[in-house]
Structures are given as C-alpha cells and as structure tokens.
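Shared between the two complexes below is chain A, which has chain B as its partner in the first and chain C in the second.
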Partner chain A sequence: MERLERRLGFLSALPIMALLTLSFVMPLLVVAGFAIMPQKVFSLAHLPDFSSFRVIIEQGYYRSLLRSLGLAFLTTTILFVICWPLAYGMAKVFGRFTLVITLAVVMLLFVSENVRLFGWNLTLMKGGLLEGHMRAWLGTGFESPLYGWPVIVFGMVYVYLPFMLFPLAQGISLVPDDARLAAADLGAGRWRILFQIEMPLAAPGIMVGCLLTFVLSAGAIAEAKLLGGRSVVVLTDDVESAFTFGQNWPLGSALSLMLIVIVALLVLVPISRIDLDTLMGRKR
Partner chain B sequence: MTDVRRSTRIALYGYGLLVLAVMYLPLVSVGFAAVSKARYLTFPIRRYTSEWMGAALTSPNVKDLVVTSLKVAVTVTVLSVILGFFGALAFARFQWRYRGLFQKLILLPIFFPQAVLGLALLIWFNALGVTPSWKTAVVAHLVWIAPITTLIIAIRAYSFDPALEEAARDMGASTTTVLREVTLPLLMPGIVSAGLFAFLLSWGNFPLSLFTSGVDATLPKWLYSRMVSGYTPQIPALGILSVIGSAALLLVGLALLRLLRRRN
Partner chain C sequence: MVTRRQFAAGAAAFVGLSALGAPRRLLAGRTDRLNILCWEGYNSDQVLNPFRELHPDATVRAESGTSDPEMINRLRAGELAVWDLINVNQPWARGEMARDKLIRPLNKDRFLPYFAKMTPEFAKPYPMSFSDSGDLLGMPQRYGPFSFVVNTDKISIETAETEGWDLFSDPGLNKRYGLLTYDNWNVIHLCLAAGVDPFKPVEGADAQKFADKAKQIVAGARLMTDDLVAMNTALINGEIDCYFTGGSYTASPARYDGASFVRAITPRGGGFGGKGGASWVELTSAVNNPDPSDLAEDFLEFVQKPEIAQLVAFSEGTYNPVAQMGNPEVLARFDADMLDAIQYDTLEEDMSRCHEFDAVPSYDALLATYVAARRG
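What follows is the complex of A and B.
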C-alpha cells in the first residue's frame, strides 16, 4: 500500500517535472552559461571569461539594476500600506462583499496588463479622461504625470495589487479574533494590537505578498514602456536591448543572472520554511 | 466580528468600493476611446461611433490574431489541466518521499519575473535551433500556467477524504479505475476552475508571448506593438472587445461551476 503510494506520487509528479526541467531549469542554466562567455558570442563553446560583469560595472549597467530594485521596493511598501486595510476588511469584516471584491479583482487579472496600462495612459494623458473633463468643467487642467518614475511605480502598484491583496487577506484570516480581543481587553491600543498581535500572526501572508510583488515588479517591463515612455530605463529594458538590438547575449545573460540570483536569494529561504499543507487547507 | 466599530466598518466598505473604482477606471477610458468618433482622441468625447468596433470585428488581420491567440490558449488549457491534475495528486494526495521538495519546486516559476523567463526561453530555443512560433509560446505559457493549475486542483484535492479512494481500492478497483471513477469526478470543480484560469491567463498573457511567439503575434502582443508606435482607434476597440470576450467566458465558466456544485 505505502509502496504503491510512493510509486504513484513519483509517477504523477513526472510530467510536470519533465516540463519544468526542460523549459525552466535548462533555460536558466543556459543563461548562466552565457553570462560567463566573452562579449557578443552566440554559442557556449568558448573559454569562459567574466567580461560581461566588467562591462556591467564600467558602462554603468548596474544602475538600471539598482533602479529596478529601488522601484520594486517602493512598489512593495506602498502596496502593503494600501492593501492592509482592504485585506483586513476582506478577512474579518466584509462577509459577502469579500466575494464581490475577489471576483472583481480576479477578473482584472485576466485582462492583459498592456491593455490596462494603455487605459491609464488614456486616463492620465493631456486631454485624457481626467484632464480633459477637468478642463471642460473647471476651465483649468493639470500637467500630465506620465513619463516619469513616479507613474511607473503607480503602474506597478496597480498591476501587482492582486498579488499583495490575496496573500495578505489569507494571512490576516489566520489571526484568531480571540487574540485581538484579549489584547484589547488587557488595554492594548489599536496600533499596539496591529504591530504586536496582528502583523506577527499574519506574517506568512505578509511574507508571501511582499515577496511576490517585489519579485514581479523587479522584473517588470510593460509599465516602464507604456507609462514611462522610455524616460526611465529599467533592468529588463537593458536585458531586452542586449538580446535584441545589441546582439550581445552574454551581457543580457549576465544582467538577467544578477536579477535571478537576487530573486532566488529572496525567495528560496522563506519558501523552504513555509508549510504548504497547512497554508492550503489540509484537513487531516 | 462584532468588535469592529460601526464607523470603521463603513470606512472599510467605502475604501473597498474606492479601490474597485480606481481598479476599473482605465477600462472605462479604453471603453470610451473605443466608441469615440474623433481620430485623435481627446476627452470629453463629443461624438460616438461603433465604426471602430465593427472594423475590428470584420478585419481579416484581426481574425488571424484571434486564431493564433485561440490556438495558444486552447492548447495551453488542455495540456496544463492534464499536467496540473497529476501534479496536484503528487502535490496534495500521495505520500511520497520528495513531496516537500516537489511542492516548493512547483512554486518557483510563479515567483519568477515573466519577462526574464521569456528572454531566457528565447535563448534556449535559439540554442536548440528551434524557430520561435506559436508552439514555443505554448511551452512558455505552460511553464507559468501549469504550476498555477496544479495549485488550484491541489486545493480541491486537499478538501476531499482519501478514505473514499481507499474504500474503492479495498473493494477491488484497480488504480486506473479508482482514478477514473472516484478521483476525477471528485476533483472536477477544481479541474474546471483550473481550465478557466489557464485559458484566460494564456489569452491575456503579454510578457511571455512578447519574446517567445516569434512571427506569430498573439492579440496582446500585436496590441502592444501598435501602442508603442502611435495611437489609432483600433487599439482601444480591439482591447475592449478582448476584455468583453474574457468576461463572457468567465461568466459561462462560473455558471458551469455552479451547476457542478449543485449536482454534487
């Protein structure tokens, strides 16, 4: 019986593991391989050198990496603050309204991010939905906020909101009401309850939400292109041009590899600690 | 629940509605732009027309894009549901030695920036000598979507009682019979929602298609190439039609799920 289960488990894991090995692990290994090839070669059959990393430092490519990480950090922080009250409402207050919010937000996930960002472009541009109506009704408009780094952060906050909201709501639902009530009875104020009871108990959800949004926004590309109008060069822009116009795969690979390593360091430790069985609702 | 003050409750409801309104605002803009008569869009809109939507629906170029997008999305749906079904059994149901490791490996592609994944796959296909086409886009979508279907079906697999399967086996049913007659029907609601997710995520995916579909443009990829080259009313018209299509499919899917739930 047990032997059968072991074999069945292994067999049913096989197809998806084969897929991920062939089209996730192998591509990443190839990227790692190209990262240590000499500049502008198109095969891995060369003596490795570390010229790509020298180019990254000497020609200032590291700046776009730092910029992307900074913008991602800002996005994550803003999202945490914006999503906490809503997630709290969804987990503890709303009842049926939670289902409405969940459906409405999930539906947006199915709309291409470029269509949604294009919509923000039409909303925020000069003569757009906001400025145009304001000018028509009040007689005075405003400067368009498009084409700068703040609007890129805004776009990323918008696109990645679901990835913070749902894990946070899941995390907050893990906080037992008794713990909060007991703290309140013992005289703890609202902020003290938030920082010493609710946030520590909701930590798994907070961690998953922050990691997801940070990783996704560090590797984002559409926001900078559609809202930033190429005024801000983010890491993925540099990677893309190295692979396409630049025809310099080793440089593009080295830049990707740096992002991949940072992502891996951030993600692997917490993921290895989470108990997925309880988080996903195992009954036994 | 009762300890939250009335004023706080009202504030939270208001905040929820506000967030939803802001979330949908860009789609409102796209919707208005799609029916504006002026070639150069400015708000407020003075004259309306359905000309652009009609043109988008009848254009042969658009038909090709829709066919490509459909080919990709349908293939991804079928394959990712099959992969996800077995993956979910290994994830949630069977006790086997490397289950913990497997669970974590499955999560990695979801936690990975898609644009970087798309570029890495592009190099990999090049190294293998494969010309990018809609088929390579299917592979790219699968890397991201199959783990998601696995998780969705796994959530369902966690909630049913394994004793049902054991009972069937004790009464002499073979492994494949148990799978077909017990496990599959029990997991059906999870499979339907996973299929729905897979189709819609693939239909709307942009960063993976951008780098891996080669000359076969999907709808989001084509829209993007037009967006960066300058405004035409075709963009919002097609964009909003695609959204309407997704919403319609979602409603049909939800109705199907309700039906399944009532039958059980």
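What follows is the complex of A and C.
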C-alpha cells in the first residue's frame, strides 16, 4: 500500500517536475551551448570550438572573477559578524520586538534594489545629503566615499542583510537554551559557549545565510555600477559587456558558465552537509 | 464552477493553439498593431497618442531600450516577429542589422522627398541612411555632436575646444574627470584622443597608441558609469570637472534644468583628418518582421510632421536637435530655453567639426583592449 502511494505520488509530481526541470535546466543548457560556440555567432548551429575559454585566459578575465569572489567573501564575512548579535537577539532575547525588526527589514525588500542604491548615491555624493548638510552647518565637507571598492562592499552588505539575518535567526533558534545553560554550569566561558555550543548547533542557519549572501554577492552588479562608479570591474560587468557592446554571446556565455560552475562547486560541498529538515524544525 | 477536467481540456487547447501560433494571429491583425523598439522619446504618450488617435483600432506600443546592442540583441534572440520599427544609432543599421537581415529597406519613393526639408547635413540626402547597394535603411531624426562634456565654470569653452582630447592628458585633471561607459562610443573617442582613425583597420603602432590611451584615460578617471544622470550629477556637485564621452544628448537635461554651465564640447582639432569630434544620428528602420505591419511606414511618415518632430526632440529624458529643424515651421516651435538646452547656437559649427562615422572595422579588437584596460 505504501509503495503504491509512493508510486502515485511520484507520478502526480512528474508533470511539475518536468516543467521545473525544463524551465530551470534549459536556460543553463543554452548558456552552456553558447559557451562552446565560435566567437560572435548568434545561433547554436555551429561546430563547437571552445575559443571563448581561450579568450578568457588570454585576456585576463580571471581578474574580474577573483574580484567578484573576493568582494563576495568579504561581504559574507562582514554580514555574518553584523548579523549574529542581531539574529541572536531576535531568536532569544527581543520577544515581541522581533516582529518589529522583521517587518523593518522585510520592508526594505519592498523597494527596488536600484532605487535604494541610488538613494545611497545621493546620500553619499559630494554635496549630497551628508556632505552637503555638513558643509552648510559646519563650513567644512569631506571627500565622497563613492567610487571605490569599500563602498561597493557597503552596498552589498546593505542590500543582502536580510538574506543573512533571517537564516541566522532561524539557525540560532535551534540552539536549545538547556544546552547553553548546561555548558555554563559546567564552567564554560562565554566564548567557549559561542564557539563550541551555539555556533555548531546553529550551523545549518549559518551555512544557509552564508551561501545565500555569497552567491548573491558573487553575481551582483548594481552596487559596483551605482556606488562603485565601475572602479572595480566585476565579472558580471564583463558578462554584460560581452553580451551587449561586444555582441559576443559565446564569450558572455562562457564567462557566465565559469561563474556558475565555480559558485556551484563552492556551494554544493557545504550544502550537501546540512539537513534542511532540521533547520526547518521538522526533524530532530 | 470549472471542473478539473474542463480546466485540463482548456489548458491543453491553449497549449495546442500556442504551438500552432493561433493566438498570435488571432490577436495581431497587422494593420491593427504597431510595436516600436526605440530610445526614450518615441515611447512617450505625447508622441504616441496623436498617432493612436489617427488609428483608433490599432494597438500602438513602444518600448525604450537601454542601449543599441541591447535592443539589437532582442531582435537576434527571437523578437523579430514582435517589433515593427527599431530606432538605434547609425552605425548599427549598416554595420550589423542590414548585414544580418534584421531590418528591411524602406520605400524610397515615399521617404526620399522628406530629406529635402531637413537640415543641410541630411538634405543631400544623408549617406548613412543608405546601404552600399543604395537601399534606404532608415530615416534620420534626432542627432547631435558627441565628444565630451565640461563644467564651463571650471574649464572654459575656449580651453576645452582648443585643447580638445589633450585635456584628458593634463595631469591637473587626473581623477577630476568621469568616463561615461558607452563602450562603442568610448572606442571611437579613444581613437580620436590617440589620433587614430577608427574607421580604418587599426593595427600595429596605431593599436598600441590606442591601448596606451585607453590605459591612461581609464586610470585617470574618477568615476565610470553608463548612467548619464549620475555623471551630470557628479559634474554639477563638483565631484568632476568634465567627462569623457558625452554630448548635447547627455548635457541637455542638465542645461534645460538650469545648469547651463554643463556644456557639450566639440574639439576644434586633434583626432584625425582635421576633425576632432564625432556625431550620432538615430536612424529608425523597419524591422524585418515576417508579418510586417503597414503602420510602420505610416508612423515614420507621421514623425516628420512639424509638431510631432518637435515633440520627439523634447520628449522625456534627453533633449536633442532633429534633422527636421531645417524646416522653418519646425524650428519656430522651439523657444529660446529649448534652443539653449540643445546648444543650437553652435550646432552647425560643432557638427562641421565632427566625423561622419561608419562601422569600426577593428571594433572587436579595440573593444577587447579597452575592456581589458578597465579590468586593470
């Protein structure tokens, strides 16, 4: 009976599984197909020559890749440090006030990312909200922090904060208070409890938060454009350039594929070690 | 109430009809529909509504693109059957779209007479509107000089025009200028700044000159962006004194807003062949739609009318001269502020210092060099 139910369940799920596979995998296959086509062709009806990968190596596109990954790593680290205390408070301390914080953070997501970043641009620019007021009130201004890599990291930290905060809060909520109290009773210090009790038990949430923010940051482009003034060319910028002004779809596809594969490798290993059911509280 | 069986039957019928292309045919009578892919302006209601009133049974839709290649990519990616008109800058019509059969020739008998009423640059008629075999590929309307833009409170017009592209080699301007990253224009302007002719193959020593200039310009830029509003804002608030790649197209919104110190400059010399500037001209072409709309050419004729030509020049976004200003009836529709915004006082002189540009034969190699310089 159970076997029959399982089989019926599988058969019922088959159409939607096929649709999802098609809609998710097909674009990736098209990108992979174009990646191996000769330079500057616009259809897949050509013999593959893998020349885009030669171009990537010869023209030093790896620099943009390293920049993208480096900025993503830095963003993820900063977000983890910033979000841990806040997530801890939301999960264990704030009580009803957690809802207020949740709503405040979620409301950020209601406004388009570009609009929010342009708002920061107007705030941080020379003569903008901050420097303009300071100059008017104190008679002295400061150099705009725009158009450098630190402001790009700031932008990504600001934009991707919810994606670290909520999984982290979910992860921390999995840490039983009894375990922490028991450790304290047995003489463990605050740091030891953090590193040996709380962080290992909250690991699924940490992992999901870090993966989400890392993947999103690695593929980010708006922060580098709007706040960074393109002072740092990230890989997604190169992808856009190849597809548009370069009119070189195979090169753009090969660059995309490179980013997809590297990020997938970086993500698949840790994700294979977490149990989402545990994180969602369905299994103990 | 719809039963599951009825829903499944309906869905299956819809999928089947989609596969046969039936909905498209049912929805699209080709005299009843016009889709325009264009730069901002043609998509504004002030331009489209009068045409809609003339064709009340037609669905007239226009969508603005963010760059020429992005719009052309949409045609390549399967939207050839969607669009009826495309409006991009002149090199793309001859260089890419006609070659790849993305556009089709216009009716010469119908449109050639309109050239006679245009400004002298276009009345000959305008050579870039035609393919090598003489087909009419597109109709010109908005145009303008496109070299660089300065804050005249910081750099005088005289200095900027005299020094031309050398201005950006001045150590005093290091990290005091922006680079507007319209890549295809950057390639042309970098060639002009390096004294190289971009419209011939660029090889050997010339390619090296280009590479050196690209590195120098990129390294000295305070900011790089493809957003003209951000660039004008930086110019107005004193972040930068000028920006590389720009013209009346990018300066006009700031000027019309009262910042008349933002001024497009066309160099008096430099470049090659005695001309240091470059100019753009938008061509509106008929897309090679397998099921073409009769309204496409009607619309092209419609925008030649004086009142509509003026609306196209001063629609939302940016403000630009139009070729139809050669007709006194069109010119009379512009007031003094409008003419000042588009720098009409020096337009003819500026255009005379500009190269009439064609496709760039070494574009791929030059773009790769430039993008590599930006990557560092």
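By definition in this document, the second predicted complex is superposed on the first by the 249 of 284 C-alpha atoms of A that agree within 3 Å, B and C clash if a C-alpha of one lies under 4 Å from a C-alpha of the other, contacts with A are read in each partner's own complex, and residues count from 1 in each chain.
Going forward, a residue touches a chain if its C-beta (ideal position, glycine included) is under 8 Å from a C-beta of that chain, and two chains touch if they have at least 3 such contacts.
Predicted, not measured: the structure shown is a model, and the values here were computed from it.
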{"item": "Touched partner set for A:Pro27, first chain B, second chain C, both or neither", "value": "first"}
{"item": "Touching partner for A:Ser144 - first (chain B), second (chain C), both, neither", "value": "second"}
{"item": "Touching partner for A:Ala182 - first (chain B), second (chain C), both, neither", "value": "neither"}
{"item": "Which of chain B and chain C A:Lys40 touches, first, second, both or neither", "value": "second"}
{"item": "Chain A residues touched - chain C or chain B, whichever exceeds", "value": "B"}
{"item": "Touched partner set for A:Val233, first chain B, second chain C, both or neither", "value": "second"}
{"item": "Chain B versus chain C as contact partner of A:Val81, first or second or both or neither", "value": "neither"}
{"item": "Which of chain B and chain C A:Phe245 touches, first, second, both or neither", "value": "second"}
{"item": "First (chain B), second (chain C), both or neither touched by A:Tyr61", "value": "second"}
{"item": "Chain C-contacting residues of chain A that also contact chain B", "value": "42, 121-122, 127-128, 225-226, 243"}
{"item": "Of chain C, residues touching chain A in the complex", "value": "67, 69-70, 72-73, 76, 96, 100, 178, 181, 183-184, 222-227, 230, 233-234, 236-239, 364, 367-368, 371-372, 374-376"}
{"item": "Touching residues on chain B, where the partner in the complex is chain A", "value": "1, 3-4, 8-9, 12-13, 15-16, 19-20, 22-30, 32-33, 41-44, 82-84, 86-87, 89-99, 102-109, 111-117, 119-124, 126-127, 139-140, 142-143, 146-147, 150-151, 154-155, 158-159, 161, 175, 200-201, 203-207, 210, 219-220, 223-224, 227-228, 235-236, 239, 242-243, 246-247, 250"}
{"item": "Chain C-touching residues of chain A, taken from the complex the two chains share", "value": "40, 42, 55, 59-61, 63-64, 121-122, 125-128, 144, 146-147, 225-226, 229-231, 233, 238, 241, 243-248"}
{"item": "Chain B contact footprint on chain A (complex, rising order)", "value": "2, 4-17, 19-20, 23-24, 26-28, 30-31, 34, 42-44, 82, 85-86, 88-90, 92-94, 97, 101, 104-105, 107-123, 127-129, 131-133, 136, 158, 161, 177, 180-181, 184, 211-212, 215-216, 218-222, 225-226, 236, 239-240, 243, 249, 252-253, 256, 259-260, 263, 267, 271-272, 276-277, 280-283"}
